[in-house]
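You will see two complexes here that share chain A, one where it goes with chain B and one where it goes with chain C.
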Partner chain A sequence: MLLTGFINGIIMGGVLSLPVLGVAVVYGITGIPNFAIGLIGVFGGFVTWYFLSYNMVLSLFVGVAVCFPIGYLLQNILLTPISNKGGDATLFFVITISLGFVFEGLVKVIFPRPSISIALPYMGSFSVGGVSVEIIKLFALIFALSTLTVIRLLEIHTRPGQSWQATSRNLKLAKLVGVNTNRVFAVAHGIGCSLACIGAIFWGSLYNLNVLSGWELGFLGFIIAVVGGIGNIWGGMLSAMLMGMILSYSGYFLDGNWQSVILYVIVILVLIVSPKGILGSERSL
Partner chain B sequence: MKDRFKYLSTLFILLLPCLLVLVGGYFQEVAGHVLLFLIQGYVAWFLLYKAGQPFFGYSVTMSLGAYGTIVLTEIYHWQLLVSVVMGTLMSCVMGIGIFLGTCRAKGFYVGMASFLLAILFPKVIDALKPITGGRNGLYFDGVYALMDTNTYYLILVFFTVAIVGFFFWLMTTRMGQTLILIAENDQLAQAVGLNTFKYKLVAYAIMGLFSGLGGALYVNYHGFISSVDIEVFTTVYIYFIPLLGGSRVCYGPLIGTIIVILVPDLFAAVERYQRILFGLIFILVLVFLPDGVGPSLERFWKQLVRAFRKVPVATN
Partner chain C sequence: MSETILKIAGLITQYGQLTALKNISFEVFENEIIGIVGPNGSGKTTLLETIAGTLKNRKGEITFLSRRIDDLTVRERRKRGLMLVPQENNIFPMMPVRKNLEVSGVLNSHEEVDRLIDYASALFPVLKDQQTQGAHTLSGGEQKMLAIGIGIVSDARLLLIDEPSIGLAPKLVTKLFNTLKQIKEETGKTLFLAEQNVKILRIADRVIGLEGGEVKFVEKSSSLDEKSFQELYMGQ
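Let's look at the complex of A and B:
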């Protein structure tokens, strides 16, 4: 039971870490808690599903490509001007929840089905220690880990990455040395929304995707990111793994509803005991 | 003097729904629903903007009052009045508990912790399905076993006016003024020797008490509650009420409740586009009228009056 729980927990953590990526990138760089990001991701997921019958690779590309300009434009047109006027986290909470309503409505109006399943090709499964693991779930985990590594490498070794770091650490100083911070914010938001879309695509291929999953993904992504230390992407990954473990092991003793209750209780306790999260964050809410 | 006039005129407007008893039917039903959210809106107005506490768990305290009432009456066969009192007290204790649990954290973290609680609570209700009914909910006759719809509706109006009146009165007292000072500058309040912990604790207790009472009135009015009614969006809507109406003016939550609760009804004909319009209205108000609709209308009215005064009177 211990091994089975561990393997299931790691795999579930990999799936859970996908929505965290978008939230962590956006919050880590812009300092804006975007609660609509799950809905934007689900919007991209629905776009992918719509084009899936034409060509799978093209549909994945279109879905992700649609989300990037959405994030870019939202940041430039709406969020940066509010931030420049001194908008605080509470205002961004309200604005992004309202944005979530808009995207929820758009999904309902544009797409004919309320609930979809994104049928990616079946990759098969394999067995570890008597536990059957679907390859797509392992792929989700590998994808999440490699995305984190790529983002970290970009931050260290490339000039745009260094601009991101500078902007997230000290906005005024970054502006002073000539970094176009508005552009950095917009690109980060675009990337965050695209990552949320990839998360939604994986989610839609493993489970069903509907409008409410957008809220679920956004909230889940946010709380996991908060527990890890919001803005700290490795903290987010670690937190996702821990959440996966909690869900996996509690599944042996409790039914689905109580599993969620236990998860949220632990999150609230972490938040109360250690407000900066497990690994801490340079940014705080 | 000016404030007192605003307080009294707001309370007078809140009494006007009494007249709907003469009309009855749909309008009365909707007005009752609006009044129930108005109570929560004023609770949020008090805690968020007067006491300065970033709290997002209104659906939790409201539903404790509601579930306390219905569960104790239906499952444990307590007397209705005792159940209402117990439900309200439970909510008050919850308010105090939330404050004690989050008083170490600061700013938006308090908001996040209470927001997570608002996400968690419906899941707890679902998990306790044998007692709470989960998503299927619980039905009861409640107050309608003792009186007719119109009488309860009038009681609801008077309760609303009394609760709003209490908040107005509270803001004129030393306690209210101290809370405003703490909201504006917590450190300064501590520096001048105020026990801010004690004042905040009382603010949370008041919030829990009236939010719970509002919940008890809610469940008696509808005769039903389920975990769907207390989902996280309920707390979001309650939070939006003073924000959209205008937090600085005493009638802000009144305007906010009309926008948040009635506007979706107006868009019922275009149900498909309801969410988009709803979200866009919120964004537009927040961006272009950052003080809320109430103060903006007040400014517009003053400009209009000034413009009329400047027009020279025509003489023969």
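Let's look at the complex of A and C:
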């Protein structure tokens, strides 16, 4: 049971780390917490599901390709202009929550099904210490880790990546040296929404996907990102793994209703001890 | 006489109801060092921020290289060739020194950035010696050098530097001012320095005195006596 809990926790953490990374990228760079990001990801998940019967690879591409421009345009048309007019945290909270309800409504109107399961092809399974693990779950974990690594490498070694870093570390100076911060914000939001979509697709293939999963992924993603240290990609990953573990073990040892009690009490305790998160925030706007 | 690079005419900047700059007018010529002096609250930083575009002017005109720029964004002004090195928050913390410099040349080619980094490192060897170190771990003086290095790598024709000497030991101030003069002579840049240190007279070609948001005088620094100047205008 211990090993099963561990493996399930790691995999759940890996899947959760994708929306976490989406939140971390968006909030870490733009400074705007988008609480609708999970719903946008789920919207992309439903689009993927819709096209799944035509072609699997195409459907995955379409889902992500729909979410990127949504994030890009939301930032450019809505959030950056509001930010330039001095929009504060409360305003962004209200606006992004409203956006979440817009996408919840869109999912309900366009895809009138309460819940879906994204059936990715069965890849087989293998056994670890007597515990059977589906390869798709391992794939989800490896994909999450690879995505994190690629994003980190791009951030460090490419010119656009340096512009991202500069924008998140010192927005005013980034503007002064000539970084196109509006484009950085828009691309970051596009990438964030795409990551949320990939997270939703994996979530939908491992569990079930519905509009509530969108709120869950968005809020949990945000909380996990804060616990890891906002803007700190590895902190977010570590935090996602720990949260996955907590959810998994509390589900095994206690009644399922205790999961959220234990999870959020631990979140509160961690933030009391370390307000900047486990590995510290890298964001300094 | 050199050509006019920057012309300010009837500039008014306000913070809400408070008028911080009151009908400011002057000209800056190519390849000179201008010292903007005045006590705290005289409007030095506001003036630099208004020229760079981080603050919007209420009235008046800012003309740079014969083109109005007061309706342009910060980035558009930067692309035209001017850059502000702020007094505070003038580095990218948590990024290595070298990356701070590289990202500052975002509008230049890679080759040009490498050349400018070499030049900045020759002026301030600490930028090369500690290039892999996080910028936030540098001492105050070293961070100041990095901030000016960022300005150099940006390759702006007009560098607006806010209080470059503040917080530095007297010996370091002299050294820094000499380096700024060297930059002017070697690169042909125009430097616009907001300062409270009287040593600015030693390197500036002209000095503009601000008080209460108004221009009190525009003088050649050679015509000013350091001691009386300090007593009269800098409250020291």
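Operating definition for what follows: the second predicted complex is superposed on the first by the 277 of 285 C-alpha atoms of A that agree within 3 Å, B and C clash if a C-alpha of one lies under 4 Å from a C-alpha of the other, contacts with A are read in each partner's own complex, and residues count from 1 in each chain.
Keep this in mind: a contact is a pair of C-beta atoms (placed from the backbone, for glycine too) under 8 Å apart; a residue touches a chain by one contact, two chains touch by 3 or more.
The model shown is predicted, which means the values in this text are computed figures rather than measured ones.
Enquirer: After the superposition on A, what does A:V226 contact: first (chain B), second (chain C), both or neither?
Expert: Only chain B is touched by A:V226; chain C is not.
Enquirer: Would you check which partner chain A:L271 touches, where first means chain B only, second means chain C only, and both and neither mean what they say?
Expert: After superposition on chain A, A:L271 lies in contact with chain B alone.
Enquirer: Figure out whether A:L153 sits in contact with chain B (first) or chain C (second), or with both, or with neither.
Expert: neither
Enquirer: With the two complexes superposed on chain A, say which partner A:T90 touches: chain B (first), chain C (second), both, or neither.
Expert: first
Enquirer: After the superposition on A, what does A:S163 contact: first (chain B), second (chain C), both or neither?
Expert: second
Enquirer: By residue count, which of the two partners contacts chain A more extensively, chain B or chain C?
Expert: B
Enquirer: Is A:M123 touching anything from chain B or chain C once the two structures are fitted on A? First, second, both or neither.
Expert: neither
Enquirer: Contact-wise, after the overlay, does A:I77 reach chain B, chain C, both or neither (first, second, both, neither)?
Expert: neither
Enquirer: Starting from the residues of chain A touching chain B, keep only those that also touch chain C in the other complex, and list them.
Expert: Residues 284 of chain A touch both chain B and chain C.
Enquirer: In the complex, go through chain A and note every residue touching chain B.
Expert: Within the complex, chain A contacts chain B at residues 33, 78, 82, 88-91, 93-95, 97-102, 104-106, 108-109, 215, 219, 223, 226, 255, 257-258, 260-261, 264-265, 267-268, 271-272, 275, 284-285.
Enquirer: Residue numbers of chain C touching chain A in their complex, please.
Expert: Against chain A, the touching part of chain C is residues 52, 54, 74-75, 78-79, 83-86, 89-95, 99, 102-104, 106-107, 150, 154.
Enquirer: Within their complex, state which residues of chain A touch chain C.
Expert: 159, 162-163, 165-166, 169-170, 172-181, 282, 284
Enquirer: Could you list, by residue number, the parts of chain B that touch chain A in their complex?
Expert: Result: residues 54, 101-102, 104-109, 111-113, 116-117, 119-120, 123-124, 126-127, 129, 134, 232, 236, 239-240, 243, 272-280, 282-283, 286-287 of chain B touch chain A.
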